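Both complexes shown next keep subunit A, but they swap its partner, so subunit B is in the first and subunit C is in the second.
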Partner chain A sequence: MSHTALATRQTAALAWRSIITTMRLPQAWFPALFFPLVLMAIFTASFGGAPGNIPGFPPVRGFLDFAVCGAIIQGVLIAGTSAGAAFATDIENGFFDRLVASPTSRVAILTGRLGASIALGVAMALLFIGIAAMFGAQVDGGVMGIIVVVIIAALFAAAVGGLGVYLAIRTGSSEAVQGTFPLFFALLFFSSAFFPLDTMVGWYHTVAAANPITYLVEAMRDEVIGGATVGTALSGIGIALGLACITVGASAVTLRRSLRVGS
Partner chain B sequence: MMKGLAVSFGLAGRNLLLVRRVPSVFIPSLVMPLFILIATAGAFHGIGALPQFAGASYLAFTIPMAATMGAGFAGINSGMTLARDLEGGFFDRLQASPAPRMALIAGPMFAALVRSVFTTTVVLIAGMIGGVWLPGLWATLIIYAFALLFGAAASCWAIGVALRTRTIQATPIMQLVVFLSVFMSVAYVPVDALHGWLGHVATYNPVTYILTASRAAELTGSVIWSETWPGVVAGGALLLALAAWALVPLKHLARR
Partner chain C sequence: MTRDLVREYKGGIRAVDEVSLSIESGGIFGFLGPNGAGKSTIVRMLTTLLRPTSGTAIVAGYDVVKEPDAVRRRIGVALQDAAIDPYMTGRELLRLQGVLHGLRRAECRGRADVLLGRLDLEDAADRRVATYSGGMRRRLDLALSLVHEPVVLFLDEPTTGLDPVSRVTLWEEVRRLNREHGTTVFLTTQYLEEADQLADRVAIIDGGRIVADGSPAELKAQIGFPMLSVVAADGSTADDVRRVLAGFGEIVPGGREGGASVRFPGGSAAMADAVRALDIAGVRFAEIDLAEPTLDDVFLASTGRHLEGGDDAAA
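Entry: the complex of A and B
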């Protein structure tokens, strides 16, 4: 078997192990589903009067259409943090060392974890769109719109997964990786994930306008509420890809360094 | 009676001492209400343009919610400290002492009230930095009173959970219920701007009446009795129910 084929099989096996581990631990997947869905429901019920009644709010059928993409990004962030913590647990309990001591491809150690993050990101995006659709939301962009939303969610999941691996290798502590969650949560609130950028004012508007999550969510949202163009879709995909390249690149360099130090 | 109070204050003092010794427990309870104030008032500023707000500042509208949430976190802290004492065996030593049982939960609750005063003050100062001046002496005292009422109720809830589970790992349950009780009320908009299921849930949620009363004081700058008494009744009933929730396992522990 060629090196590439072997690495691919090992990547698939390690990704599958990560997914199974996540599924077996309710504390790993429950918050990623529960909190975004509850907040989406609360925001939809609280801000249902906003569309069409406040200046700067884009034309939408209902607030749920507007809210679903913010919920997807939030779910991906929470799931990514848990995945990073799980990788740190592998380091803490010695599984990572056993993996390194085995003839497992070094690339597969990283791509396996990232593959699992991407798969969970895709599943989460589809699940959230499905649940929102059950309560009346519609994706204006149709199947192509859903594909764009899923691609951005998958790339963003890779970006968060890469950051999780980076933090796990740097700290070696699952608690430390979980401890970064409030920062991500703040990053999400200081964006247009939950409310339109045009309704914000002052320094808050400036911070949200400089936050890349704003542009990710808006590119996804345009597919749901209408108004998407090839340009908006490509910009969203481009930003997500850029973030993924940075964090995955950083995690690959850190992994290589840690293996060199360990050998 | 005096002995019980002395033990309660002693335990409250110890609880507050931990604020300095274990800052990782206290800092989140200080940062969270500030974050909630800034993030809510900043992200949802535009919703203040709805006619139901009658032109009120959204920052001023959010201050009572952030103060209430801060007090809720202070209450959760008391449960966390108690859970740590239960895990570490300190609570068992207290039980073996002649200290009145009631004091064992009154102490952490007093500490939660002191912390609630602190977090509410921080929220009000942050509001002033944002341009919302204090609403006047009596109205400000009303905001403090309702924050303390909710802080005491949250403390009883968290203490009840700690006594039943005897583990710090139960913290997410303590936090989740307090979070949801505030968010499933009029946290973001007035009751007549709520849509669908939340309108019904908020009507039966006592936190709605606590927030409405506190908000009336903040926004009008005066004490409006018709807005205040439902908050007193709902908050009082909530406190009584949760005090019973905290006391029942304490009695069982005494028999062990």
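Entry: the complex of A and C
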């Protein structure tokens, strides 16, 4: 078996392992589904009248259409933090040592974990769109629109996964990784994930306008509520890809360094 | 297998200080030492998990720094505190380990079945590891390290925290592996009995240095004589006991608490002489016993201390 073929098999096996351990641990997947869906429901019930009545609110058929992409991003963020914490647990309990002492490709250690994050991100995007559709939401962009939403969600999942791995290696503590979660939650709220940028005022508007998540969510949202162009889709994909490159690159560098020095 | 191996941590602390070892293949090598002696550090270096600060180490014919992947393909590793994913089943973990070692799908399945059977884990094979007992986890850990039929097997404190029955079961499996498959076993332990029972060669490590090296029988023979220990009582002091015993042999530093111990060339036949001498000197004593040399005596003779944390260190 060639080196690449073996690394690919190892990646698949490790990704599969990450996915099934996530699925078997309710505290790993439940919050990632529960919180975004509940928030989506509450916002939709509370602000159902917002579209059309609040100046600055984009024209949408219903608030649910508006809210679903924010929920996807939130779910991916929560799942990513859990994935980072799981990687830290692997370091803490020695699973990582077992991998390192085996001929497992060093790349597969990283890509296995990221592959699982991406797969879970895709699944979550499709699930949330499906649930929203059951309650009457429609994707304006059709199948192509869904594909763009899923691609951005997948890339964002890779970005969050990369950040999780980076934090896990740097701290070596699952609690520390889990502890960074409120930070990301704040980052999400300081974006247009839940409300449009144009209804925000003052410094809040300034912060949200500078937050890359804003543009990521909006590129996804345009596919759902209408108004998407090839340009908006590509910019969303570009931002997600850029974030993923930064965090995955950083995690690869830290992983390499930690393996060279030995822990 | 190693030459002048050094591992220095920040601040110049030498966890491993110029350790040189040569281990023949096909044997069971026991590395005996207290906590913090440097055993695990050496194992981590030999299993490519930690880079030596200086020195070289050749494992299964390959240099751990220059050809780590070649080493990794040939070694099995079961580190301290069995690193096992609690949310997976034993069979799943074994198959995963097979894929990581590049085994074909059918081979992975076959090896998993064979090892589950051999380590008596068939009934628990499809249960999550979280439900396993400590002994079952160690057996699974051992099975995982054997998936690819390694040439050298590293076991870092394989039975720490296990009950005596599980310990003996694991020992039997290690012996069988060594006997039937010719696997070279490198094990660390803080249990004298484990080194004595299992290993055909023992090195004693303390403070990052090897202080004794040989077969258990050789090491005990170096001590030579059995040890006579006497505990003072009824107003007599340990010093009184020591003064009398000094006439019979070499006083063992750090010997019996509340009394003294001496290397006793006379053996049991001369014990009466010692009792008489104590009597004549008016030294009163509560206990007197004669013990054949143990590895703890070897440790004591080499380091001036008992093996801390050992199960029978107090004996």
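Note that the second predicted complex is superposed on the first by the 262 of 263 C-alpha atoms of A that agree within 3 Å, B and C clash if a C-alpha of one lies under 4 Å from a C-alpha of the other, contacts with A are read in each partner's own complex, and residues count from 1 in each chain.
Going forward, contacts are C-beta pairs under 8 Å (C-beta built on N, C-alpha and C of every residue); 3 or more make two chains touch, one makes a residue touch a chain.
Worth saying up front: this structure is predicted, and the values here are computed from it rather than measured.
K.L.:
One more residue to check, A:V201. First (subunit B), second (subunit C), both or neither?
P.N.:
After superposition on chain A, A:V201 lies in contact with subunit B alone.
K.L.:
Who does A:T254 touch here: subunit B (first), subunit C (second), both, or neither?
P.N.:
neither
K.L.:
In the superposed arrangement, which partner chain does A:A186 touch: subunit B (first), subunit C (second), both, or neither?
P.N.:
It touches subunit B, and subunit C stays clear.
K.L.:
Considering only the touch criterion stated at the top, classify A:Q178 as touching first (subunit B), second (subunit C), both, or neither.
P.N.:
Neither partner.
K.L.:
Contact-wise, after the overlay, does A:F95 reach subunit B, subunit C, both or neither (first, second, both, neither)?
P.N.:
Only subunit C; A:F95 stays clear of subunit B.
K.L.:
Touching A:L25 in the superposition: subunit B (first), subunit C (second), both, neither?
P.N.:
A:L25: touches subunit C, not subunit B.
K.L.:
On subunit A, what residues does subunit B touch that subunit C touches as well?
P.N.:
Subunit A residues touching both partners: none found.
K.L.:
So in the complex, which bits of subunit A are touching subunit C?
P.N.:
Against subunit C, subunit A makes touches at 1, 6, 9-10, 13-14, 17, 20-21, 24-25, 93-95, 97-104, 260-263.
K.L.:
Flag every residue of subunit C that touches subunit A in the complex, lowest number first.
P.N.:
Interface residues on subunit C, with respect to subunit A: 44, 47-51, 69, 72-73, 75, 77, 79-85, 87-88, 92, 96-97, 99-102, 128, 144.
K.L.:
Which residues of subunit A touch subunit B once you look at their complex with the stated criterion?
P.N.:
Where subunit A meets subunit B, its residues are 38-39, 41-50, 53-57, 182, 186, 189-190, 194-196, 198-201, 204, 208.
K.L.:
Which positions of subunit B touch subunit A when the two form their complex?
P.N.:
Listed in rising order, the residues are 28, 35, 38-39, 42-47, 49-52, 180, 183-184, 187-189, 193-199.
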